[in-house]
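Chain lettering (A, B and C) follows the sequence in which the chains are written, and residue indices restart at 1 in each chain.
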Amino acid sequence: MYRWDFSPVIANGDLLLAGLANTLALTGVALAGGIPVGLGLALARLSGSRFLSAPAGVVIEVFRATPPLVQLFWFYFGLPIVLKVEMTPYLAAALTFTIQSGAFFAEIFRAGIVSVDRGQREAARAIGMTEAQAMRRIVLPQAVKRMFPAMMERSIELMKTTTLVATVSYADLLYQANELAQKTFRPLEVFTAAALMYLVSISLVSAIAALVERRMAMSGEMAR
Amino acid sequence: MTAPLLRIEGLGKSFGDRAVFSGVDLEVARGDRIAIIGASGSGKSTLLRCINVLERADQGRVVLGGEPVGEEVRRGDRTETRYSEAALVRLRQRVGMVFQQFNLFPHMTVLGNVMEGLVTVKRMGRDAAARQALAELARVGLADKAEAYPAHLSGGQKQRVAIARALAMEPEVLLFDEPTSALDPALVGEVLDTIQALAGEGRTMLLVTHEIGFAYHMATRVLFLAEGGIYEQGTPDEVLKNPRRPLTQAFIAGHRRFSF
Amino acid sequence: MTYRWDFAPILDNWQALAFGAIGTVRLFLVCLVLGLSLGLLVALMRRSRHGVLRWLAIGFIELFRNTPVLVQILWFYFALPMLAPVEISPFGAAILGISLNSAAYSAEIYRAGIQSIEPGQWEAARAIGMTGLQVLRRIVLPQALRRVLPALTNRGIEIFKMTTLASVVAYVELLQQGKLVASLNFNPLEVYTVIGALFFLLLYPLVRATYALERRLARSDA
């Protein structure tokens, strides 16, 4: 029978927590960047002009149909060669996940905007609003409510995808766990602890998201 | 002889290779009330939507107050009409529309709906806009519903709010696209009464409708659309009581079967 | 920015990459089959009247959906051998991680599909005397599976992308071979561009097929 011993884990708990903090920080940065990128891509995709919609389409399809790990390696190992810039793991990760999540958000935004009844845009135009005003005042506010569940889901996926940065030696939770496991020769306890930390964080965020969704659905009944 | 307020010259529209209508000419003087009737698919709504350019006509042009709405640009041997955003925005402040499906903004209150155009398009201050909006609501008899959300209104009330929203912009011409077709029969009356009151004020209106009886009492002129154009037009007595041409006669006869 | 792209070394090493591609496809097929079938089982357990089965299923789904796949793979590779006297190869760890993860996701997909079938279908089938299992097999599942086919296809595409994670435990798939070639020739830019392009060329048609499938189903459902 294996003798479980979590003491090395607890002794180095601060390292693991620091890793978790880095995971959350990276997720936050990628979200903060990915949402505006996604909105921009979605609006470009929806615009009438080929000049905008075609490149946006390419970015979206490429970043959705290629594995995130390949993207990360490309940005970390490949890009510095072309651009001749210093690339840190953090920078490569931030860049990769901002664009990658942006591509997924773009599809969510697009679906949300398209789901708003055509008549709403027409009524807004009929009283003299420009396209921009119609989008800002009438269509987007209605679209946001519908997109919220999908956005929360995608954000939680992002939290899990950030573990990939451990492969380029960024000190996130998984990286710290791996280092610790090798140092203490206790991979079972360490990885189990790390898994639990992820489980708790993600379950918490999911629960909060579900709560907010329910709250939004209720207010939606009144404001519809 | 004063120039007509609105003029449509040679308007044509096709969807794919199906021509909905072509060669439509129409002059609308201030104070005219024009009812547009016809079978489904005859292009009544499309014609109306071409006037405020929610649909773009393929041929012809729309002239408002003596100025053409779009800019004609020569492309080889064809002329194309281009509509700038600014021109469209100006047009739609002068030509208002009421939709069959109301299209009220569900995330705003009734008052919010009516004042939205004043604040966002006319750049009025919120207080002045609210006051004006409230006055329009009072005019359609719904001032007490100012703080309600559209979801809580009946169909008839929603449409009256939509009318108030269009009126708030102080348009010179009002377009009604089958305003009562989506309503329960019991609620049709209150909307027609509202439109009749507007008629009494001498407003210029174009009304696409199936309500033949109402058209008879309200309109100064009736257009019957068929065969890709204005098949017959005249006073209500001429078109609705004594139609001259066969298709019009068949259409009116079909409707009379169901009216009391 | 006049970098001279040089794809020649990659062509020279095409065999290594092909070997990797085979590994990718092998891993993908195993995880696809295991993941999607286990997922159906878990979905049925989730609906079971027996509390134990239901809670086992719920626990499984929550655990494998709320932890990252990479953590799961590493746990199976490094941690499991401590618990059980088994040898876990990179292939084995990757299969365990990716399949169980996919099973959890597809269980939720199946569940949504089954729940979307109107109760009237159940009632009509029961009314002619079918057992619950027969109703599932003959009436509900055929309809439910049709409805969730696009979601399952999406999941399949995700599984394919996940195979790259196996490179972290040095399983011989396409990305792992790419790392090798890049380290031999010092040309990561060209290598990872090619690998990205290969994945894209394979997956993009599948993505379009999924859209078409969705549209076809929407039409026939209406």
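Here, a residue touches a chain if its C-beta (ideal position, glycine included) is under 8 Å from a C-beta of that chain, and two chains touch if they have at least 3 such contacts.
From a predicted model like this one, the values you see are computed outputs, not experimental measurements.
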Give me the ID of the chain with the smallest distance between its Cα centroid and the all-protein Cα centroid.
A
Among the chains, which is located farthest from chain C on the basis of C-alpha centroids?
B
Roughly how far is chain A from chain C, centre to centre by C-alpha average, rounded to an integer in Å?
20
Using Cα averages as centroids, what's the distance between chain A and chain B in whole Å?
46
Centre to centre, by mean C-alpha position, how many angstrom separate chain B and chain C?
54
Two or more partner chains touched - positions in chain A
none
Mind listing the chain C positions that touch chain A in their complex?
1, 3, 62-63, 66-72, 74-75, 78-80, 82-83, 157, 161-165, 167-168, 175, 178-179, 182, 188-193, 195-196, 199-200, 203-204, 207
Over in the complex, which chain B residues touch chain A? Could you list them?
52, 54, 85, 88-90, 92-93, 96-97, 99, 101, 103-107, 116-117, 120-122, 149-151, 162, 165-166, 169
Chain A residues touching chain B - in the complex, by the definition given at the top:
117, 119-120, 122-131, 133, 137-138, 141-142, 221-224
Touch list for chain A against partner chain C, complex
2, 61-62, 64-71, 73-74, 77-79, 81-84, 160-161, 163-164, 166-167, 174, 177-178, 181, 187-188, 190-192, 194-195, 198-199, 202-203, 206
